[in-house]
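My questions will all concern the structure given below.
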């Protein structure tokens, strides 16, 4: 009953098999090997466009470097107040970009910024004044940090606001696959067709051990990226080992199956908790469950071996805030979560 | 007959076996898992001291971040003109440290800086003058970029000069194991006992696919390192997969055996080339061979399937420079190099 | 009737006289001249302590460099949401510090952060977690951006919170003299005796043309500052011309007189506006007046030659917000403001 | 007899008069005043083109920010090994640009890089390889750090090499006027007509107390410069005081007269020293004299009140190196140097 995080899971069997398959024999370094070239073509097929694809070691690096490709002096990046880039990455985006400011967009709903909130934030920033700096990018997280998913309409509306100031739209896709299968749309529809300029594509949380990529849908913006990545120490010499993971990840649609499984496990947990009297801080739309349950329940679960983290309450909507006897917990399902785990969890509740 | 680079090799069987062994089941993220804790203890045992150990994604990151831990404003880092940090890392050290200057030390011999050369470089930099900036660190590469190895005496002499200005000594150990078995000393003797303050420990070139670590022998200097690493996007969430590689790397002294094998293959190549009339640009002391051979030889080898790179001639000592009919080539042996490959190479010569 | 800003004023006669007095003849560069040495001693006398004093070209540079002296990787600086460093300096603090995050403290009152607000902000930041970064400094502005002044008690209470996390307290003193005479305390009392570690001391807005200094009350923290300043291009070669300004500024207590005059002019404006039916968005405690008046009044004043800027309304307390017929305007008095100007302004109202 | 440096001189009378003239009364801040607008137009008239002009506080800032406008990730800036940006600015260019590497060009003559030397340096840097970084700019100093002056032909030849890699050419014009009158050409001829893209225009060493400007001959490259400058704290609020200096500097060709005077004084010193048996380390072509004299002469001069600095000998051509009884000294003439000073100096020799 381990629901601590999807990054506590190991690697999926198809990923390990591909790693083993490609581990021997010489191959050109720095991504010039056949496996890597094949996987890059797969990315282009999956996204139905001639994207520029670059691996990085972590999602934090993918986010920070993607934003650096669009950095401006005195640049301001708009995001959700709970965005991973804002609160969980030790200022990586600020550092890599040479000192950008991350401004939290107000008026957000269910863990997502809104086009209206973004419009207000942009309106508060005068254009053309060096004092105030300049808008540089908008970043959204799909699936969001609160387990919800932006609809295509929401992404398009945010893009429209960004575009009114000629700003690129970045998507932090640490849980890209979970969002994708939740919406039931294509990768192209959820990204460049909806206005996304650059994507942090995450494979690690969904069955790889270390497979993250920055994907530019606009090749021109990627012009200096190899240099940005190299000077940040994020170019793997034996890149084939990332590619191998992704080969195993993509083959037979495995990545969509693992995401569907994780989402289904989360949905089951969510439904079961509500059925037993708990409530959700935010709707369960991907593989994360933010449940407000009784403290005694949480204690009982833990004593019986369940592993999960409490979740800070400041972002929970006022009308849903936990009472003194309650606690908000985060439960994360992954490709490795088993039905028997969720069933046991719910029965203990 | 692939001698292109040790980063063209795959992963050693013991490394892959350990990866497979630890790939399933939940484990705490960010290095709080049992495998990682075990490997960190192994590092401490191997180095016979209570070192602080941090993984990074690449050797470039290890070098840049290690030096950042000692960065000073207007800081100057002294190194060999052909050091990897100076010419092969896209300014990573300059970037990460916030703009340090890398000053090449003159008077170097066989790919190694000398204590005298360092003394001259230091003497040319006035102390206490903000105009000129301030010395911040000395960095050496072991084994060097020219396939040679610093003796313990050489390291100690360099350290003495560094210490005269209270400067830390960094060792780029991308080929640490190759140097270690070449000298036949202990890891402690080749590092902190000789004055090394911080080490970039590389496993990738010697049989891992991605296992690099920054090792501080002075815990105090590591104080902020977790933050430095995190904001650079170099903290793996599923750190156990690096640890697993290292577990396989260290077990049964495997890392020393692979290094010995690579060095032996290089020695065999070197001897064979000299026997057949070639000469060495620098002595072969680890797993890299810098051979000056005839162009027709090089062509014949390539036509028969040998893979290797030409090497720029500007650093070769004047008396050894290739003639018009000659070329300098680099041959790198690795754990995966087979005797039959070197034999065939030499017979073709 | 020019109330646009105190940086629209010229230079005070005593400042210009001192500049003229010291303009000829050779003098050592980079602050090694007698005038500079004398002024540094004056600073130490004025602040009753052995402070380290460094000129910079602008207040923005003073703030950014002062904070850089205390920078930490993944560092977070706490300040008012309307602080100059947060909204008016184009990300200078973020840039100079290598990517710090400036976090706005909530619960602020009258343009000032509160100790309680700071305590909450600090409580929301877990200690020792590289994900979240680390607290690095607290910055307050004295007088504040809303024309109010922190009492000694308020400063001490803020310092107590800062100290609970071992954080330095920075004071942006762009209008230091205005605050000082408003409180009627000594420079020592308003700074290090109340817990301020480093001060941006501004002379420009109060009668100099360009005289800003970073003052460290803790010499140890200034250790690398000459290098920080030099690499930012803020070391004047002909430093005596800054010193000359300050000599004229300090002589005969001129700086306190100009500040008292400016404050008095502001108070007169404030009282007159209230008497004629206007109201203050925030109390007038230094040389800035934030008045909510009728739009027709503002138009009439402008038509008759008054110069002033409107002020954004988002920070005004709800109960004071301007109606549709009203506007918030900022009126700034300076050493150069004449009584006849304020009288004419009020009579036109 | 003060020949220590031209930055030991005060401010020229016409500069002080203009400062006094513009010191009173309100004027828009941040360069929106009439004096500044007038001076910017003067710059455009002087340079015969529609240049973009930005003040900075120091020459160091002008250089670093000018280069930052052209910065690239992993960027390499080519310059003379003794360039001010390379050895006297505490890594400002490295810092501001986010970690560029400054590579010294070999084969230099008389304090100047050569087109051939630049060609070699460029040839040594492979294009399109992220490992090695990428060329970003070429910087020359006019007049050079050794008191010599690039001819128009030399500048054009360097530009031709730079252009072969699409690199901008930066000119550090800390002593721009001295070089200009030495060549007897127009400002346009010595800059954009010869291929200079961006100029650090220095007024401080030639009679201002603080008047430095970055001048872009290509408006497009200046696009983000206001932000770059602001975030570095180099935008003066009371910019009119810089403009006033420049108004006095330019009026009646004063700047050319002061430069001619300084150069003439240097020439007189140079000739006198040679006549009395000394020799020049480099030809005297502007206002700096690098003389190799006997130590007893230097001692005698000092005892009689002459002020000057010794000069490090490592860059002096081998055939001119000082003997044991000799010393290399730098003598700098300025607008303030009097004929009687040089005469007395020579008579003491």
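In order of appearance the chains are A, B, C and D, and numbering begins at 1 in each one.
Basically, a contact is a pair of C-beta atoms (placed from the backbone, for glycine too) under 8 Å apart; a residue touches a chain by one contact, two chains touch by 3 or more.
What you are looking at is a predicted structure, and each value in this text was computed from that prediction instead of being measured.
Enquirer: With centres defined as the mean of C-alpha atoms, identify the chain lying farthest from chain A.
Expert: Computed centres place D farthest from chain A.
Enquirer: More C-beta contacts across C-D or across A-D?
Expert: C-D
Enquirer: Distance-wise, how many Å sit between the C-alpha centres of chain B and chain D, to the nearest whole number?
Expert: 41
Enquirer: I'd like to verify one number: the distance from the centre of chain C to the centre of chain D, where each centre is the average of its C-alpha atoms, in whole angstrom.
Expert: Comparing mean C-alpha positions, chain D is 35 Å from chain C.
Enquirer: Could you put a whole-Å number on the gap between the CA centroids of chain A and chain D?
Expert: 50
Enquirer: Tell me, which residues of chain B touch at least two other chains?
Expert: 73-74, 89-91, 94-96, 98-99, 130-131, 133, 227, 230-231, 235
Enquirer: Considering the complex alone, what residue numbers of chain A touch chain B?
Expert: Contacts found on chain A: 2, 4-5, 7-11, 16, 19-20, 22-29, 56-62, 64-65, 89-92, 94-96, 204-205, 209-210, 227, 230-238, 240-241, 307, 336.
Enquirer: Provide the residue numbers of chain D that touch chain A in the complex, in ascending order.
Expert: Interface residues on chain D, with respect to chain A: 72-74, 98-99, 130-131, 133-134, 224, 226-231, 235.
Enquirer: Provide the residue numbers of chain B that touch chain D in the complex, in ascending order.
Expert: The touching residues are 73-76, 87-91, 94-102, 124, 130-133, 312, 314.
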